[in-house]
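A, B, C and D label the chains in the order they appear, each numbered from 1.
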Amino acid sequence: MARISAGVATSHVPAVGAAIDLGKTQDDYWKPLFQGYEYSKQWISENPPDVVFLVYNDHANAFSMDLIPTFAIGCAETFKPADEGWGPRKVPDVSGHPELASHITQSVIQDDFDLTVVNKMDVDHGLTVPLSLMFGQPQSWPCKVIPFAVNVVLYPVPSGLRCYLLGKAIRKAVDSFDRDLNVQIWGTGGMSHQLQGPRAGLINKAFDQSFLDQLIEQPQQLAEMPHLDYIRHGGSEGIELVMWLIMRGALDQNVQVKHRFYHVPASNTAVGHLILEH
Amino acid sequence: MARISAGVATSHVPAVGAAIDLGKTQDDYWKPLFQGYEYSKQWISENPPDVVFLVYNDHANAFSMDLIPTFAIGCAETFKPADEGWGPRKVPDVSGHPELASHITQSVIQDDFDLTVVNKMDVDHGLTVPLSLMFGQPQSWPCKVIPFAVNVVLYPVPSGLRCYLLGKAIRKAVDSFDRDLNVQIWGTGGMSHQLQGPRAGLINKAFDQSFLDQLIEQPQQLAEMPHLDYIRHGGSEGIELVMWLIMRGALDQNVQVKHRFYHVPASNTAVGHLILEH
Amino acid sequence: MSIDKPYEGIAGTTIFDHDMARQGYHLNQFCMSLMKSDNRERFKADQKAYLDQWSLTEDQKQAVLARDYNQLISLGGNIYFLAKIFSTDGLSFQYAASTMTGMSEQEYKTMMLNGGRQSEYPFPDEKGV
Amino acid sequence: MSIDKPYEGIAGTTIFDHDMARQGYHLNQFCMSLMKSDNRERFKADQKAYLDQWSLTEDQKQAVLARDYNQLISLGGNIYFLAKIFSTDGLSFQYAASTMTGMSEQEYKTMMLNGGRQSEYPFPDEKGV
């Protein structure tokens, strides 16, 4: 049977993608950040997934104001890097896992999650930057990826608890897939940041560290934090962190922290990163 | 405050739309069917809604296999009749109610329904045929319409219970909208029919009548009927009936049956129709 | 996969689930293309050439050319998508449905006028349900 | 409407809810059009003429021309959509953010290098929360 072997959380800052693409990872500004991912690259080369279930959000690239799904699952064979306005990132196309993706879709819809099925979608930095951080710059990505896009742009976004319970439903679905697959689930976005208005540049280390602590130890309690607290304490774009709860919901109650990293700043953002096994 | 004053259930057979558009409603074949809607036209002229929340499904017109939302709510100002392959029906454009639609969206997403917001969508016979049946052939539709599209094409579709509970969430949302609006909720599609395979042409009057009885008297119990029973007893396309449960969920437990009508056949389909007040 | 498919026991009925949808993806998207009148004209002018622009299997192409709707459904077609083909042909849903039942259009029409295909409730002859 | 908006109490912050989205619909869709390089060229060649093809309010057009991002946000713009404008200008997210804070780009950069805008936890100075 398929099984979820690990969870990864990471920010997906577009400037980080640009730093990789432009060969700036050893610049003074970027070096400390990329050092925090050295362990991760080693770890993933020793624990290579067959499939990554990659929870991220689209940033007005695949979805305009014409259609905004709360939860969209990519069931296609292939997803191309989106042109976000200055040409697509020069990273490999993403290969999906249509069979597992549709198995999960069928299972979680029957568990009352109202997914939107997507068979044609370009994937933006929200999805490709985490792949670059974990896998570097290969000719092709070393595993299949199921893109799972969450609306965190148009308020209201799904609640933390909704996301956490969705994670549990995804776990149940993966566990019942009758092929031997090593699946990782990644939750991306965050941590504290605000990209707009006079409060732009907000960073809240105490909030972020507390979020990391609770995500590890008390995810259910954390899941009950209302949106308002994300926005107040983590900034208007800090609401992206609800996506980490989908990842966490798919893991056991008790997890082993293989890696924990936190860094400020990456452009406007605090960067957080966890590798959890169970 | 806004309030839901009544629920309407009706089949939305495309051939019925064609009969209206081609002036055949008095033909021998169609006359008994349209007679069943005479009361309804009278009733709605005496109980004119400000807004109809119209639950229907798209039939591979607005949504292709590229993107299939489980639940999509139309928040736009205007929706055009879809060209389903032989030119759009010559019926008026549909005017939405963006404020109420987005109020409902915000409310039900916070009640853990994972809607897809749609601001650009053509509406097919699933939506326009019920309008024609109830309002005839006016120059413009006499009320606003919020299109609510449910996936009933790609299995699995949402469960009856999910639909019923969504109806309750919609009710709560409408009740909390602070403008004085008379809102009707319509559930469309069904009744028993099968459009494909050697079993095409299936009609099950006993199933249909029992569905009507239970929808009126025991909706919660009916909501627990599994998909399989719809398909076995009501035909593969009879699964559309789950949409009637959204309508029913938005009404009180006790309803008054203003009108009940049943007719076979309309093309390949049994036609059912209810007007419920509470 | 180990998702339950209880509906597989229903005779004469194919449920359009994700496995069917994957198999029929290009077939159904070809059908969608017929919503544009330009494409309908091009299809009618040279069906085979038009079909060759789509990633259909040979079986799917043959079934389109033969208007074999049962076969198209077994190859992943969904009836609402396939409707674009018989609409392009100017044929009715009722006619198309009749071709799947082994009846003539007239026999099928008569059956419908007489109340449709009778099904007992509950359906007695299902296997395994 | 009577949907609660508890987030309205957060200083310096506009939440992109449905009311804002309705107000900014055409503005944001104009921004999306800048994802195509043809459109970027046409916009750069004659900004006013390009803007006139969209159903923006006069205020929205003026704010685009002035690159007044705070004003654009108050008129329904969302930052991820507005990003298409400063990307077209070849400017960074960090620069654009700085213009909204009343700081120079350098001041803003320095603030970020020093750990960002400091916020206490819990935030002490909210009104009404």
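Basically, contacts are C-beta pairs under 8 Å (C-beta built on N, C-alpha and C of every residue); 3 or more make two chains touch, one makes a residue touch a chain.
If you're wondering where the values come from, they're calculated on a predicted model, not measured in any experiment.
Enquirer: Just going by residue numbers, which of B-C, B-D or A-D has an interface where over half the contact pairs are the same as at A-C?
Expert: When the contact pairs of A-C are compared with those in B-C, B-D or A-D, B-D matches.
Enquirer: Consider the two chain pairs B-D and A-D; indicate the one with the greater count of contacting C-beta pairs.
Expert: Answer to which pair has more contacts is A-D.
Enquirer: Express in whole angstrom the distance between the two chain centres, defined as the mean CA positions of subunit B and subunit C.
Expert: The mean C-alpha positions of subunit B and subunit C differ by 24 Å.
Enquirer: So how far apart, in whole Å, are subunit B and subunit D when each is placed at the average of its C-alpha atoms?
Expert: About 39 Å, centre to centre.
Enquirer: Distance from the CA centroid of subunit A to that of subunit B, rounded to the nearest Å?
Expert: About 37 Å, centre to centre.
Enquirer: At least two partner chains per residue is the criterion; list those residues in subunit D.
Expert: 17-18, 21, 25 - these are the residues of subunit D that touch more than one other chain.
Enquirer: Could you pull out the residues of subunit B that touch at least 2 other chains?
Expert: 65-66, 106, 119, 154-156 - these are the residues of subunit B that touch more than one other chain.
Enquirer: Can you list the residues on subunit B that touch subunit C in the complex?
Expert: Against subunit C, subunit B makes touches at 14-15, 59-61, 64-66, 83-86, 153-156, 192, 194-207, 210, 227-228, 231-233, 235-237, 264-265, 267-268, 270.
Enquirer: Help me check something: in the complex, which residues belonging to subunit C touch subunit B?
Expert: Checking each residue of subunit C against subunit B gives 6-7, 10-18, 21, 25, 28-29, 31-32, 34-35, 40, 69-70, 73, 78-81, 83-84, 87-88, 92-94, 97-98, 100-102, 108, 111-113, 115-123, 126, 129.
Enquirer: Provide the residue numbers of subunit B that touch subunit A in the complex, in ascending order.
Expert: Per the touch definition, subunit B meets subunit A at residues 65-72, 106, 109-110, 112-120, 154-159, 162.
Enquirer: Would you pull the subunit A residues touching subunit C in the complex into a rising list?
Expert: Residues in contact with subunit C: 75, 98-99, 102-103, 105-107, 119, 176-179.
Enquirer: If we count contacts the way the header does, which residues on subunit D are in touch with subunit B in the complex?
Expert: My answer: residues 1-3, 17-19, 21-22, 25.
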